[in-house]
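Taking it in order: structure first as structure tokens, then the write-up.
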Amino acid sequence: MTSTPKGRAGGRATDELRAVTIRPDFNKHAEGSVLIEMGDTRVICTASIEDKVPPFLMRSGKGWVTAEYGMLPRATNERNAREAAKGKQGGRTLEIQRLIGRALRGTIDQEALGERTVIIDCDVIQADGGTRCASITGGYVALVLALGKIYLGKKMVNWPVRSQVAAVSVGIRHGMPHLDLDYSEDSTAEVDMNIVATDAMQFIELQGTAEKGSFSEDEMTSMIALARGGIEQLVAKQREILSPLLAQVDDVARERLKSKFKK
Amino acid sequence: MTSTPKGRAGGRATDELRAVTIRPDFNKHAEGSVLIEMGDTRVICTASIEDKVPPFLMRSGKGWVTAEYGMLPRATNERNAREAAKGKQGGRTLEIQRLIGRALRGTIDQEALGERTVIIDCDVIQADGGTRCASITGGYVALVLALGKIYLGKKMVNWPVRSQVAAVSVGIRHGMPHLDLDYSEDSTAEVDMNIVATDAMQFIELQGTAEKGSFSEDEMTSMIALARGGIEQLVAKQREILSPLLAQVDDVARERLKSKFKK
Amino acid sequence: MTSTPKGRAGGRATDELRAVTIRPDFNKHAEGSVLIEMGDTRVICTASIEDKVPPFLMRSGKGWVTAEYGMLPRATNERNAREAAKGKQGGRTLEIQRLIGRALRGTIDQEALGERTVIIDCDVIQADGGTRCASITGGYVALVLALGKIYLGKKMVNWPVRSQVAAVSVGIRHGMPHLDLDYSEDSTAEVDMNIVATDAMQFIELQGTAEKGSFSEDEMTSMIALARGGIEQLVAKQREILSPLLAQVDDVARERLKSKFKK
Amino acid sequence: MTSTPKGRAGGRATDELRAVTIRPDFNKHAEGSVLIEMGDTRVICTASIEDKVPPFLMRSGKGWVTAEYGMLPRATNERNAREAAKGKQGGRTLEIQRLIGRALRGTIDQEALGERTVIIDCDVIQADGGTRCASITGGYVALVLALGKIYLGKKMVNWPVRSQVAAVSVGIRHGMPHLDLDYSEDSTAEVDMNIVATDAMQFIELQGTAEKGSFSEDEMTSMIALARGGIEQLVAKQREILSPLLAQVDDVARERLKSKFKK
Amino acid sequence: MTSTPKGRAGGRATDELRAVTIRPDFNKHAEGSVLIEMGDTRVICTASIEDKVPPFLMRSGKGWVTAEYGMLPRATNERNAREAAKGKQGGRTLEIQRLIGRALRGTIDQEALGERTVIIDCDVIQADGGTRCASITGGYVALVLALGKIYLGKKMVNWPVRSQVAAVSVGIRHGMPHLDLDYSEDSTAEVDMNIVATDAMQFIELQGTAEKGSFSEDEMTSMIALARGGIEQLVAKQREILSPLLAQVDDVARERLKSKFKK
Amino acid sequence: MTSTPKGRAGGRATDELRAVTIRPDFNKHAEGSVLIEMGDTRVICTASIEDKVPPFLMRSGKGWVTAEYGMLPRATNERNAREAAKGKQGGRTLEIQRLIGRALRGTIDQEALGERTVIIDCDVIQADGGTRCASITGGYVALVLALGKIYLGKKMVNWPVRSQVAAVSVGIRHGMPHLDLDYSEDSTAEVDMNIVATDAMQFIELQGTAEKGSFSEDEMTSMIALARGGIEQLVAKQREILSPLLAQVDDVARERLKSKFKK
């Protein structure tokens, strides 16, 4: 455990994640759903499956994965005006939901998915920094739960999940890299970086921003090292929750293979 | 306990409420907040206090209470398009939030509130019928919790809450009145009525709609009788949660009165 | 005739409607139309028939009845901003047009209507209270006039009108129930109730709101009694205007029946 | 009277206006109002006066005149979607209301008006061609009626009306100029021209459009000659309705002048 | 050359156009495009061809020509808010693009065009008066260039261009007619007129507006005379740029005719 | 010069920028402006200075820099619907303009700027990949030109520019890093990265996205190396254009310093 001069809330080390919990099947209606908590950040992620695709994929045999992101007005310390009442989604919202969509879409084999759309809704019910990362990490679990239901229900021939994906933020505060910033840390950090990576530690997306000044390649390298540690723990957490489902998926896949050979 | 020919989910009697739980302080940011559950219906209610009023109340010395209502896209069995993405709130949403606003505003003394606005956000995270009633019942608790914080923090001279308010639905199914309809009951009911009432069983708002055909004055009378029973239990539930706060409010009020007489 | 302590405009009794006139065929283009006046409230109601239905009714053999409501900017004492210029219909507008739609839809046999949509446009050209009730009472006449034209034109096999419907407001002012409130009465009433009922005095919709304080079941009963008297006069007025058409409809229905038996 | 080979509805001559009626004080709320009818075209024009001006005129001592135009959905033969429901005013609407505003603004002395805005609402309740011209001709009367009320009420020092303005359409059909086209004529005309002119036959605005092909300078000259005749009749009609008011205005102006000299 | 008392920028005569340049093929993507400059006014006009038509022309065998107009925010002296950010196109924009569309549509034989839509985008990158006229004059060239590409590419049987069209503004300043007003002239002119005419000096559209006061028929006649001179130069300029293409079109037309006769 | 197996348009090496030209003072109205071309990508950047700041900076003594981004409809190979006509800016547009704003804001000392807002409008008139990077590189020059005008005009005490900033894209195609992707390269790249850096090669923003699959830390390092080379050439290009202005700024700064010491 690394110490930090100014200290973090709860005595957290600079390379330590906040407490993470992922509660599956949080919503009784959705094909897949979780409540993910990273410290005081809480996001409901649901995966809804619809038997249609956007126009550009019609009759292609391929499916689509997309995401929408929202925040309850009082998820934040100061109340934010409701986007539905303002009549449009803000730039931040659109940017985040495009990121979540790209991150999750990258893990899926569109042909194995077939002509279906999976919509991942990520709704922040309490925000304390890192909501986009929590949305990706939790949204992945909701997505796999939904696909598992379809696959086990025999409505899908091949298992479409190719890899695991999770996301974490890192930043530089007081000149030192910190993992998984909470809101108060994030708003005073010099650099803020969001890293989306697979379980094989390959990057899907990487976005670093100097909030004040600029940052060097060395600083980036040290942030990435810290992020790796966080991603490893997050994918382990996801695996833990998904393992019963994935075991069933494996069984079914094996049986389907056998019955195929018998014929 | 009254029996019902066709039966209700969980063997519920026609005059029986679903399990109700109200979890206070659900949100760490809001001045007042609850998670209310009525069966599988779950609504997050937050009360936010802002030190400004709408233009028509400026320099009047009076405050305002208003409400906003929303539903997560997958709160429902079929996913509903996100209103923020559609670019406007639908008629149903506007109608419900106007109702919640009127119901809660009626319980507050606007002059004692002073030039402040309380915004009650009611966000349905899972829907199974009765969301507008749950929003009123839960929103009232959030409102009082927020006002308590202000009053005890000595930012308010007089306690502005004049009465208690709760709401419940009743309907006629198979020709027989039923209390607190869940979604599957509501969607097949002949008549649907929402009743908003005070702890003294006076009506604040009453809305009855014949979904099929029409209804008689006698049927209305029998629905109202059923609703009374439900309202009584709901106001008791609210009182239970609010009693520690109200005891503190009473103490402070008494002290303030004393110190006033001493001078 | 009942007297009232403070008096009403024109010496009207508390149980007396304002002067009502319904002028049929006010618009040369619409399939059905009226200008309805209740005192100084004037609403143009037109019924337009289109040979298509909303998506959820396609290929169901059933038709749809819907309503839209609007107000000219200077229908009111103070000019109201034009909704088309503001870029959206307000909550009050949406609430009212949903009410009108439900009320009128309830009188029609959707299967006899066939795959058609009837749009009832209710446009208030001068407002003095009770515009939503006048819209329902007048809209019903426009609807029947339009259906008559279709039926007599032999484009419809069975007459689709099942019942008559009218609406009236009642309220409590100075503690006493009053029928058919004008704007100045409405804006000072303690309770305001809109009642939509059939010619058999069955309720279609009933909405009561305590504008100040609350109201008891007894008060509600006395308001309903007053409303009954108003509804009776309004349905009589409607019948008077529609009787020539309805006589023709009866003749045609009888002939069609005869020719059916002959075959 | 000129004859026309193909004939016009009602045997109208090519240089003949449709029946024109202007009914003043049609609306009880507005400062000035008329119902203008030109044949089957009917427009309600109201003038509303507000004691504020747009930002660019603040503290300039000058007033503003502006117009808004709308059409009830079933003013036309086929129902038009309601602009408030579509969420925006169409290009045709904006173009027409800008024209009306310019035409009426040109007749007013902005300094004599003082820091006030007059909004002229022109709402077409039945359309049969020439709605923008009827709006200008009727809107002028509503405007003067409203200004008269202010002037006589002693809230305005100098009478701000500088000239009279009216508008009429002319067009070429079957190669021959026609005055005041109705809808069926307009939709088959080769050229369509709207002329806005003062009582001194000076042009305020002139808009000619070749709907098919093009038109020569000679054709334009002959259309203008026809329009002159129409404008003369329309300004006479306006004068007839406004003369009692203008007589009063004259009296007051004379008295004010006298009392000024006495001092 | 006529002299002017107050002088024009660059010593321009009252009957003199500003320097006009039309640079074809300005954009590498569009089927047809130009950059037109009239003095300091610069407009990019592109013509895009799509193989579909608006609903009202489907299966009619006819094509459509439409236009859109925009201005970069800093095309003007003071920055104008971006219409995309405001969420709607203003009335002026809609009015201008409707005018451009009518003007260009009038030159095309819709049947020869076939079921295609040509969209002319006119984007003002620097404004100094006369942008709508420059858009028409330049848009015509872009349109013909695009149609030439289609025709020569053998995707169109008959050449659809029936006439040439150009536009110019004239105005009255200090009581004297002036051709082709720049922004500073336009904003101080008493009368402003836009004239759209064919190469045969027939009018397509003519819009005159008295910005202050009014104007007489004589003044109009003198403005039209001045406009004729401007139009003549503009159509000559267009012809110069289009002549190589038109020569090719003629050759192909002749060959097609020949090969038709041979069969 | 490095060779590439599949070749790039124009025989460009993988570490070679496209031809870059920056034409200053492209627009006569804006305080600062350029036309930047990177190959066939052309962007007009204007800097507009307004003497006001957003609400959150009022009375702070600090200024603001913000950006807006747009594309002409036919900037692209297929015509894109005009955002002003669609009624909203898309997610991609908002994301890009937020990025440009952050990048340019980071180079400015907000206190030296004083209570002013600089709006950088970046309008793509022809797109061929790299439009956001060209906007940043060109927008920086427009910004400095505008600030120079203010500073030399003695309306600003201290020169507010702290560093230079430019942006370039890099990507991985066929497994090999490429600098400055054009559209056809970008749409087939496996990884796409945009790098915003200062003249001291410090990062302001870094966004890498795996369009297909994922990427390793080594791949990222090699892309960054390539980007450095591009940034160096771009900042040199900027310096070349700005050097006459910066020399003047230096002279004035020296004189101001002298006159300060004399006092």
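Going in written order, the chains are labelled A, B, C, D, E and F, and every chain counts its residues from 1.
We take it that a contact is a pair of C-beta atoms (placed from the backbone, for glycine too) under 8 Å apart; a residue touches a chain by one contact, two chains touch by 3 or more.
These numbers were taken from a predicted model, which means no experiment stands behind them.
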Set of chains whose contacts include both chain D and chain C: none
Proportion of interface numbers common to chain D and chain E (over half same, under half different): same
Farthest chain (mean CA position) relative to chain E: B
Chain D and chain F, separation of their C-alpha mean positions in angstrom: 52
Between chain F and chain A, distance of the C-alpha-averaged centres to the nearest whole Å: 31
Where chain A and chain B are represented by their mean Cα positions, the distance between them in whole Å: 34
Junction residues of chain D, two or more chains touched: 87-88
Chain contact topology (line, ring, star, complete or other): ring
Sequence of chains encountered when the ring is traversed from chain C in the direction of chain D: C, D, E, F, A, B
Partner chain A, residues of chain F touching it in the complex: 88, 90-92, 94-95, 97-98, 102, 106, 163, 197-198, 200, 202-210, 213-217, 220, 224
Chain F residues touching chain E - in the complex, by the definition given at the top: 27-30, 33, 40, 44, 46, 48, 50, 68, 70, 72-77, 79, 82-89, 93, 119, 121, 123, 125-126
